[in-house]
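Listed below are the structures to be examined.
First chain A sits with chain B, and in the next complex the same chain sits with chain C.
And then the complex of A and B:
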């Protein structure tokens, strides 16, 4: 075995994206902790950090750490699929630094300017005011350009390489809605129902369609590397998963249309299709168990393997079980917009995406450092603490949310008095306290995770030079 | 739907999906390990899931269409692990042949 490892330029960029992603993951946790503290002590850091901006930072950085990790994952994994470096890397590098500058500028605007009058100037320079895509319009333009360059990096490479595998075909097709749906971040409609209708296309279809497809393709590539899984098997299963997820997820958008002024038929459509969503997720659990058994748990990268496996289970628990509790309209009437929904959101994002991208980051640090095996105890501590923290937070928010739905909505009839009364019940207060405690555990897990990744990266066994690292062992069976 | 009924329905639906997942997981493990203890646990999970389903069907204020939907879902849960596992075995067998 050669003692000199090599990285494609896209893989060097991937490492930068992973670094940015892990840093943003930490920023998201900090703002989550501040928000959790403000639920207990509402005046904490007020007025310097108002709750609305803390929450905005928490949910927007959630999107960013996952999105940058997706970019990094594809920049890392795709050279082995195309058997060459990705095209347009100079532009991609510019986009990376542009992203960093934009994220910093938007964060400073959110923290120090926060809001403005209801004018176009505010939309362009301060805040667009739509959850998850609050960034001012100039920043949304930068993001759109960045995604367009990313699409070019991938499709242009496929054209240049004259090579498209099953997995890359799925990724390429997925680039079209990934870019197209982001265009919905721009209009500012004055009719709230219309605005919400289209805004959900961006949020729901990014999260429950294009991102699901993307993470499915990324996990397929990871399985081929970590377990040397057969390409034909992985690709066939990817097609099935994508078909099933889209079949249930596309019309599942209806569960967001229940109470925002959309026609009544969405109650039936949304309830039916979103209630079907756990079924393909159950199939993924079976697949994960089968893969682990088939390969007799032999793998070269324990953390990547376990995080990948947890992705299947976590997706089923967070999106499947937690989603199923509140997706029928009769129940959603009481549960939507409470901490119950926050509980579902935390567990679903963690299971469906968080675990998957952590898996790829472990794979990248292994391959970049030339480690034949990755193991040890630190990753197990990180794994245990992060998941104890996350599932503890999910459980705590579930209890708080059930109290809200019961006392405020079902008994109190959603009046303001009922809202206040529900927040003073012991169930709610203890749930919110426990969420804070589990948030601290999650933070400790993050610290161990970040420390472990840095330690592995620093323990690089061999120097990096020019060559063909990416094509080794990439599921060629 | 009464306040307590709504909470009971939500918990019932969550348990229904959770036990369905437990059944699928245990069934897959029992098949891969050829271990009848896991098979028994899998069946117990499915039985518990069915019991939850029956109680939701009997006591919930959900409309008849939703109850039929849940009943069909409950039946589907029984077959999904079996069909998925059989398909995966065939897929892996053909994958080995082609590789």
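And then the complex of A and C:
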């Protein structure tokens, strides 16, 4: 830190988003633990809070803690790219509070109203009942408005600044599908095959394309800040990753179309391209290792760096390796829709996004507090506990899922009785118990993480300080 | 070296996008035709008036749905308009009761309860639910169960009472019957369809 300067207004808003995001991360864990408990003791909280609503809360809050963290990350990182504050911050602040109110209202609805009669009115006011986009339509409208304002903040700033770097160009182009695809959150097509076909455009192209590109750009910006990595190197890698994400991921959507009524050619196309989807993730690993070696592991923010490294490795393992395991149709026929999928889902979301946004949050608390270095022991405990918990959960669900794929799908023929029999096999039960234990370890890690972030924020040398200046020289080599 | 030039890779990203999206659009247009109601893989809603089965087709080496003979649902033959309205209501009920936050259809949803893709054909309705609910057809057993799942617990995990009316429960049953007729490329593998249906009987003979 060379001098002290006020934070940009978008960075002040970023800190609010990070606070909200870390709080939502905790809420997601609470509902994950309840769901894990219900697998062991189905009578837990039943019927007041049945599994369907617990699971809804778990996955909706998952999306929200990551989405709010993405908003925060770009609000934090972009002013130094544009060399100015972001435009439209008054509207962005309104959106933040609108999000808070909407999240609270939807959570109360899910917990206390839960479901309604089979009418359009229920879909508008109570529950849409579609995975990941369960929020009632009125709330989805608020989210759409929020994303639209966010897109305006980014693109409007680029226009006002008359300055576009390679990284910001990628982010700007990415904003268009990020907003456009969210429109698929609304319809309720009667035909389930058609409904799922378009729904996968939202889920796959958000999670496996636009979010993947966004996190690639965020990682590039973080590496420039914590290691002073060269702009031309990170931009080259970003383009390589984007090229590979698009080359493999666009038609990789076919791996979701194997069993929902779509033509058979998706088995070949989806299997082939999704099997290649780990490639861009491997690229990110090589990139991170290259930069770490190039800069001899010298860094100003240990936790941000290690979380970024884990983001690269975790994305490759969770999304890449775990995804590859089940993506070929010959295996997917048995593994699809089992706890095996849940194992992949947990590790992929964690590796691809969770680790990345935690990295940016560490960077933000450092820069906001004017700390020259971030180190200490607490972050290591959080890092160790969270990852032991997550990879333990992934392994446990993998064992449960393989038992399910074997006993229910391959041998039992997927009937009701086959399902119940598989859920009662020792392998499955052991897996479900182990998942619960590792879930507790993960929760302990979260407590240390939240405590550590709060402690660093409170230790700030200067209450409102210069994050922005530390990076203005970055990337100019 | 040109590979060190970001512009080279930027061109790669742009061309990947253009080529892949063009292919995706072409395949999407074709797929929508196949999966629309009445398309090659998705029968019209009036299929609920017929007997549906699921058999191992040796020529294709996979399980395929079969549609044959008249098998009215709830003793009623639905015309196209009535069937469409009924199935539409079924989908609204499935969404409004958050069914797929425990169950899955086509393997997509949640994994706390069985997949429903071929649930209409599950022998368990006849074996377990018909005696339990004191009904004589699987459709009636399903309706009785859906309306009061708390009255008919089957194992440690119970389905909550989601307060379905009789009309809503019937709509869900119609929806599941229609879903079971969709060609899902052999998913789920090895499903033992109820021998009570005409095709199920044939499947049992083949086995």
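Basically, the second predicted complex is superposed on the first by the 461 of 477 C-alpha atoms of A that agree within 3 Å, B and C clash if a C-alpha of one lies under 4 Å from a C-alpha of the other, contacts with A are read in each partner's own complex, and residues count from 1 in each chain.
The rule is short, and it goes like this: a contact is a pair of C-beta atoms (placed from the backbone, for glycine too) under 8 Å apart; a residue touches a chain by one contact, two chains touch by 3 or more.
Computed from a predicted model, the values in this text were never measured in an experiment.
Novice: Report for A:191: first if it touches chain B alone, second if chain C alone, otherwise both or neither.
Specialist: second
Novice: Should A:278 be classified as contacting the first partner (chain B), the second (chain C), both, or neither?
Specialist: In the superposed model, A:278 contacts chain B only, not chain C.
Novice: Would you check which partner chain A:97 touches, where first means chain B only, second means chain C only, and both and neither mean what they say?
Specialist: Neither chain B nor chain C is touched by A:97.
Novice: Which partner does A:286 reach: the first (chain B), the second (chain C), both, or neither?
Specialist: The first partner, chain B, only.
Novice: More residues of chain A are touched by which partner: chain B or chain C?
Specialist: C
Novice: After lining up the shared chain so the two structures overlap, which partner does A:410 touch, if you call chain B first and chain C second: first, second, both or neither?
Specialist: both
Novice: Of the partners chain B and chain C, which touch A:236 in the superposed model: first, second, both, neither?
Specialist: Both: A:236 reaches chain B and chain C.
Novice: Go through the superposed model and pick first if A:339 touches only chain B, second if only chain C, both, or neither.
Specialist: second
Novice: Just checking: does A:118 make contact with chain B only, chain C only, both, or neither of them? Give me first, second, both or neither.
Specialist: second
Novice: In the superposed arrangement, does A:322 touch chain B (first), chain C (second), both or neither?
Specialist: Once the two structures are laid over each other on A, A:322 reaches chain B alone.
Novice: For chain A, what residues appear in both contact lists, the one with chain B and the one with chain C?
Specialist: 232, 236, 334, 410-411
Novice: In their complex, what parts of chain A are in touch with chain B?
Specialist: 230, 232-233, 236-237, 268, 271-272, 275-276, 278-279, 282-283, 285-287, 289-290, 293-294, 313, 316-317, 320-322, 324-326, 328, 330-331, 334-335, 402, 405-406, 410-411, 477
Novice: Provide the residue numbers of chain A that touch chain C in the complex, in ascending order.
Specialist: Chain A reaches chain C through residues 38-39, 42-43, 46-47, 50-53, 55-56, 114-120, 122-123, 126-131, 134, 166, 188-197, 232, 235-236, 239-240, 242-244, 246-247, 250-251, 253, 256-267, 269, 333-334, 336-339, 341-342, 404, 409-417, 419-420, 423.
Novice: For chain C, which residues count as touching chain A in their complex?
Specialist: Spelled out, the residues of chain C in touch with chain A are 4-6, 9-10, 12-13, 16-17, 20-21, 23-24, 27, 30-32, 34-37, 40-42, 84, 87-102, 104-115, 117-119, 122-124, 150, 154-158, 160-162, 165, 168, 171, 179, 182-192.
Novice: Quick one: which bits of chain B touch chain A in the complex? Just the residue numbers, please.
Specialist: Going through chain B, the ones touching chain A are 1-3, 6-7, 9-11, 13-14, 16-18, 20-21, 24-25, 27-29, 32-33, 61-63, 65-66, 69, 73, 76-77, 80-81, 84-85, 88-89, 91-92, 94-96, 98-99.
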